[in-house]
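Read through the structures below before going on.
Two complexes follow with chain A in common, the first pairing it with chain B and the second with chain C.
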Partner chain A sequence: MRGVAGTSGARSPWLGTAAWRGLFSDRPMIPLLALLAVLVVASEIVRPGIVGPEWIGIMLRAAVPLAILAGCQTLTMLTGGIDLSVGAVASMAGFVVASLAAGSGVPTGIVIALVAAALAGLVSGIGVGVFRVHPLIMTLGMSLVVLGLVNFWQLQTITTSTGIPGEFRTVGSSTLAKILPYSLVVFVPLAAIILVGLRRTGYGRLLYAIGDNPVAARLSGARSWQILIVLYVVSALLAAAAGFLISGLTNTASVSLADSYVLPSVAAAVIGGTSIMGGRGGFAGTIVGALILTVLSSLLTSLGYPEAVRQILFGSIIVAVAAAYTRVTTES
Partner chain B sequence: MTLTTTGLLLEATGISKTYGAVVALKCASLAVRPGEVHALMGANGAGKSTLVKILTGAVRPDGGTIAVHGRPRTVHSPAEARRSGLVSIYQEPALVPDLDIRSNLRLTETPLEPFRHWLHELGLEDLDLSSIARRVPLASLRIIDLARALAIEPDVLMLDEMTAALPANLTERVLEVIGRQRGGDRSVIFISHRMIEIAAVCDRATVLREGETVGVVDVTEGSEERIVELMLGEGVVDMPTAAERRAAAARASGATARLTARDLSSGTKLSDVSFDLYPGEVLGVVALEGQGQDELFDILAGSQRPSGGELLVDGAPVSFHHPADAIRAGLVYVPADRAEALLMQRSVRENIALPFTARIRRWGLINAGDEHRKVDRAIATLQIDTRAHGEVRRLSGGNQQKVTIARWVAGGVRTMLCFDPTRGIDIRTKNQIYVLLRDLAEAGAAVLFYTSELKEVQLVCDRAIVIFGGRVVAEIGAANADEAALLHAAYNLRSGALMPEQIVAEATAVEAAVVVPADPPAARPTGPEADR
Partner chain C sequence: MSAATAPVDSGRVALAGLLGSSARRNAWILGLLGFLALLLVFTKLIQPNYGVPGIQGLAISVLPLALAAVAQAIVVISGGIDLSIGSMMALISVVSATLMAGQSEQFDVAVVVGVLVLGLLLGAVNGGLAVVTRVPDIVVTLAMSFVWAGCALLVADSPGGGAAQWLKDLVTGSIGNEWIPKPAVVLVAVVALIWIPVRRSRLGLSIYGVGSDRLAAFRSGVSVGRTRILAYALMGLFAALAGLSLTASTGIGTPVPGPYTLMSVAAIVLGGVSLAGGRGGVFGPIVAVMILQIIRTDMTFLDVDTNLATVLQGLILIGVVMIGSIVQIRRARG
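Up next is the complex of A and B:
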């Protein structure tokens, strides 16, 4: 008999792995949606009757801030970067509004928080775009700076009340007819802007371009520092918006409010098919990635394991899914 | 099943491979006898590179069998292939750029003495093994690759476009060494687009067309015609005659030059280079490897600042801080290295439209209709095969090269700087590029065209400048720019003194000094200053 090179999968009973790979690499959303469906079914099996309108509302409500923060990661990862300052910026934004709401009013608080976030993003963008600091280091450093500044602010405003404004609580945690969270009012326009921005604007094209091949982008006349500065400002503004929602959702404001979101936000983007090396991915996958992580986390909670076990499982599953997804969607 | 492998060193039959919707190979076969140099021929996209990658285990085939010494082999990785005696040299150098040559050899467990021996044979005896790979010129890296492969004495050595980046004298040496492999018990599979090389060293040729083996030809006197016929499967594109071209390109006296270089310098690599490039002409640039042509093009493209001299566009002085400045002044650049110009993971459309959106004022919503019109027109002009339009990396080398040119054609060309745009691509695509460059010139564009294939000068250019040691040493009109004249000038010899073969022999000493310069060639700028 002659050796047959590399055809092992082709004789499997239904479809060769190559065919599956072809399907998945052309339509990467299919395996993601399938995984989400599996997790929903598993949730129903673990706790029969749990999946209903109210559950959907809770899942969406929890997924929205994560999806926005994962949007920050998607945008920066497309250029081959990452934004680890989203946690600090989001916490800062929530905290600033909470501490200013009573005195200066909510709108003023929001404006000040957004301006502060934009400044943080501007500094990160200048660091990454002009001084060529690696995004990982730049945003990690930036998050410490922001944390320090918020701590400083906290000491200054120790006497003022730090109540979460009612508007935030409504938008962050209430649901319409128990299924549609009000946070979608913030999320849907933001998501639409990101989706359209990536697919239909020159700026979106350039994000992919400098992530795919910075030399080619440069030779085509793109000035990467301009693109990167705008990118990190946008990312910080998105993080601030997520911070508002998180403070409303949890009804708390603290300097470390959104810290626990940082790694899940990266994981959601990676699971959603955005390459951490840049040039590949999109926000639609990221949204599904955020939903997957949210449902998974609630499923693990309802299994009743201790926190430590949950963390171990959560981490392992994220790694496994990311690895499997990469295998299934990239060609050999 | 009868085994017909008796006496064959390597036999591959019925090899197929598809990438998504694109069929790279559908029924390719290759039989190599011991002691022969076997050419693998085919137009771009015919599947040559894919077949070699399958043979060396870099890519897994969807079907087919591979037998070495009559025994079936499943090759899963280059390391496994190497143990089976199959070694390949790909189109790109395979050395870790940040390690010195000695460490690179250690990585592949290459025995040092045989390596030195082959280096000597290949005419690179004075290479310093402790130099960092990224500082060694491309041509020398190719020679190192080859010496390394020869040193481990493979049964089958595969050379994929080995000579494409080599200057003439090194090519001679390489061919000579390969030729000496004949008659032993080892074999060489040789891929080249240069027919003259095939004729010089190969015994037989397997011709691929559209992923299929369409013929095996004994290489003898006059077999070139047959090979070309098999490769193309149709008539060869005719070039407009030289007379037609030069008539069309005759420039009005007193016209302003589109681009004027005055005493351009760049460190020690380029000194006092001056020339005029007029609208409606193709100006050739000829130079041996590493004579400052890279720096010249980088300066013109805005990637590098000159250390001295002046640049004028339409008579007005310009100063480029970024490629964007050059583009705004109408100077668009087609680099030699396609990997430098393309977004490999993005679509053909996005690659062509990339310059459209580069400027801030174009960051907004894309005018899809307008973009489609421009991109489709460029695709049609260049006859790009867009079956694999989803990701540019799935295109063949020739189609990728066309995309890098289409990018600028789409927006209208005033001045195009082409750096060896036909390197490593097939005859048909080359012809299309020649025709395109002539068409651009006739439409009023100015084209600066560096080429490492001397005969292209007479095919495409109206005149040529020759650079040697960073200086312009000659300007030759197309009528006189035959290969011998250009070669004389490129080696900075007085014309008529020697025949090319003698020059090669004489110039080896000169060239060796040139190929391994004391200071590193200026790398493509990646630093912060260079980017702004």
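Up next is the complex of A and C:
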């Protein structure tokens, strides 16, 4: 009797929904990767023969900047924050390099762009960490400031050329053997630093700690204002790197270049399983989330729907995925 | 003695209820009003002929964002946030403009009522999704902003349509005294007719209760899900009014969302609404919207580059919120 009960007990986990739920909540990457696979298969069905090495290259190339910006959101969301200034900072970085490339050279341009981004991040970090302004408002205000300053800068430098440097175009849009985009050269080290940083370093653990329970973190000696200042500087630097890649990818430098990435970057992090309330999530899921959004939007484009229908489907699918994900991973 | 003070107290309570129910919040609003008065004086100083046309221009340009800020304030007080207000306004604006183009006045009345109901429904859909799926509000409404913007593009892919003459007349010119612009009267009337009765009802109390502590509200017998959905529906109604005001003031419907979503968040925070929920009112955000608009006007008068004006707007937003939070931290310590 006991043996029978044991077998049925052992078998039912593989049949019951509760067990699936348990599996998914332990390994949230599985449903995400399954969804990605479904989307890839759907792309192949919609346009047979499209999925190949070249397609993979194009998808990766498009997903890399989104994944980096979603990384900014992941890091800030882990502490219970959000960074809405990534769009303005990324556009600023791309624009500054493009406007300085002809005169001062690309390396100088990159340094100036990174310093400017770090300053923006520093101000946001001080606002959030020291003055405890809500991150939503702080980064929103910061993006107005950055946008205004870049517009002003644009008017000052209107005469100089604003061509995208060739190096950026190569890194941003070329692919090695039509499969591996060169932007991975930038992305892989950044991703490795974020992944290892979150899992293996004390700083990474502190991000989770102050997001999960700020009071407990403070009582255990975490100086949250220092952590937050560093965090927002890192986030702005990442956004600047993404801005370089986006300007190379699109071969344009405009002050509103990366604006359309802001909302998808939040969506990618959320789909990837990072909780907007803080304390839960990671960058691996975010990368898959960025891939899902990229494949999804290319799928919707290849279905030939007008822009309006694509937006509606895009939004509905994000809600559906987020709902399914919440249902699967939260224990009731 | 207590009998003598009771009427005074209740009068004071009613006044406080109108402006917000605590002294601290009133202090914030009084500060904002003082700032607004200073700005008006400053405007008069730098532009001596600033007068009736200026005030009327201010009222008409403030109306859409003020209504959007009221919408955002309601939903944030209930503990949520809605990042799809701009898209909703665009949708309502194109729907009303498309339906009203070349129709009779009577039909247009039906259209206005219809889009207001539509607004309620759109809001209720947002709220319902947030409640049923248990996905954080910010994520649901962010995704829904794509959906509503897509719907707006489906209705009309370019600006067009028309608005009824009476609707346009409703937001232009002044009423009685020339210093009282019609848009301001419309704004006050709409808020007084919709929000104040709700605020003083059970629902209003529930909205504040759910916003300040969801669990405590649940344990006190408040239906949390229903309250949140109703708060979102009210938000949708005000977003619809904001969208209608866009149609009325421009005479056409535009399917592309304006900067209203994020500006409404900025305005409510400036206006003393806590993003954590449960605290604040709708009066502060309206004053904050006026302040933001006057600053923009002053920049034009002073011939400041519009881009630097954007910078300054961002700095003022950050600065004012920082001051507010320092005050709060001080209070918490003292």
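Here is the rule we use: the second predicted complex is superposed on the first by the 318 of 332 C-alpha atoms of A that agree within 3 Å, B and C clash if a C-alpha of one lies under 4 Å from a C-alpha of the other, contacts with A are read in each partner's own complex, and residues count from 1 in each chain.
Basically, contacts are C-beta pairs under 8 Å (C-beta built on N, C-alpha and C of every residue); 3 or more make two chains touch, one makes a residue touch a chain.
Only a predicted model underlies this, so the values are computations on that prediction, with no experimental measurement involved.
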Touched partner set for A:202, first chain B, second chain C, both or neither: first
Which of chain B and chain C A:323 touches, first, second, both or neither: second
First, second, both or neither for A:280, with chain B first and chain C second: first
First (chain B), second (chain C), both or neither touched by A:131: both
First, second, both or neither for A:219, with chain B first and chain C second: first
Shared chain A surface residues [contacts with chain B and with chain C]: 131-132
Residues of chain C that touch chain A when the two form their complex: 129, 132-136, 138-140, 142-147, 149-154, 157, 262, 265-266, 269, 275, 305-315, 317-318, 321-322, 325-326, 329
Chain C contact footprint on chain A (complex, rising order): 82, 84, 123, 127, 131-134, 136-138, 140-145, 147-149, 151-152, 155, 263, 266-267, 270, 275-277, 306-316, 318-319, 322-323, 326-327, 330
Touching residues (chain side chain A, partner chain B) in the complex: 1-7, 10, 18, 22, 25-26, 130-132, 196, 200-203, 205-206, 208-209, 212-213, 215-226, 279-280, 331-332
Complex interface listing, chain B residues touching chain A: 1, 15, 19-20, 54, 59-67, 72-76, 301, 303, 322-324, 327-328, 333, 335, 339-346, 350, 353-360, 362-366, 368, 407, 524, 526, 528, 531-532
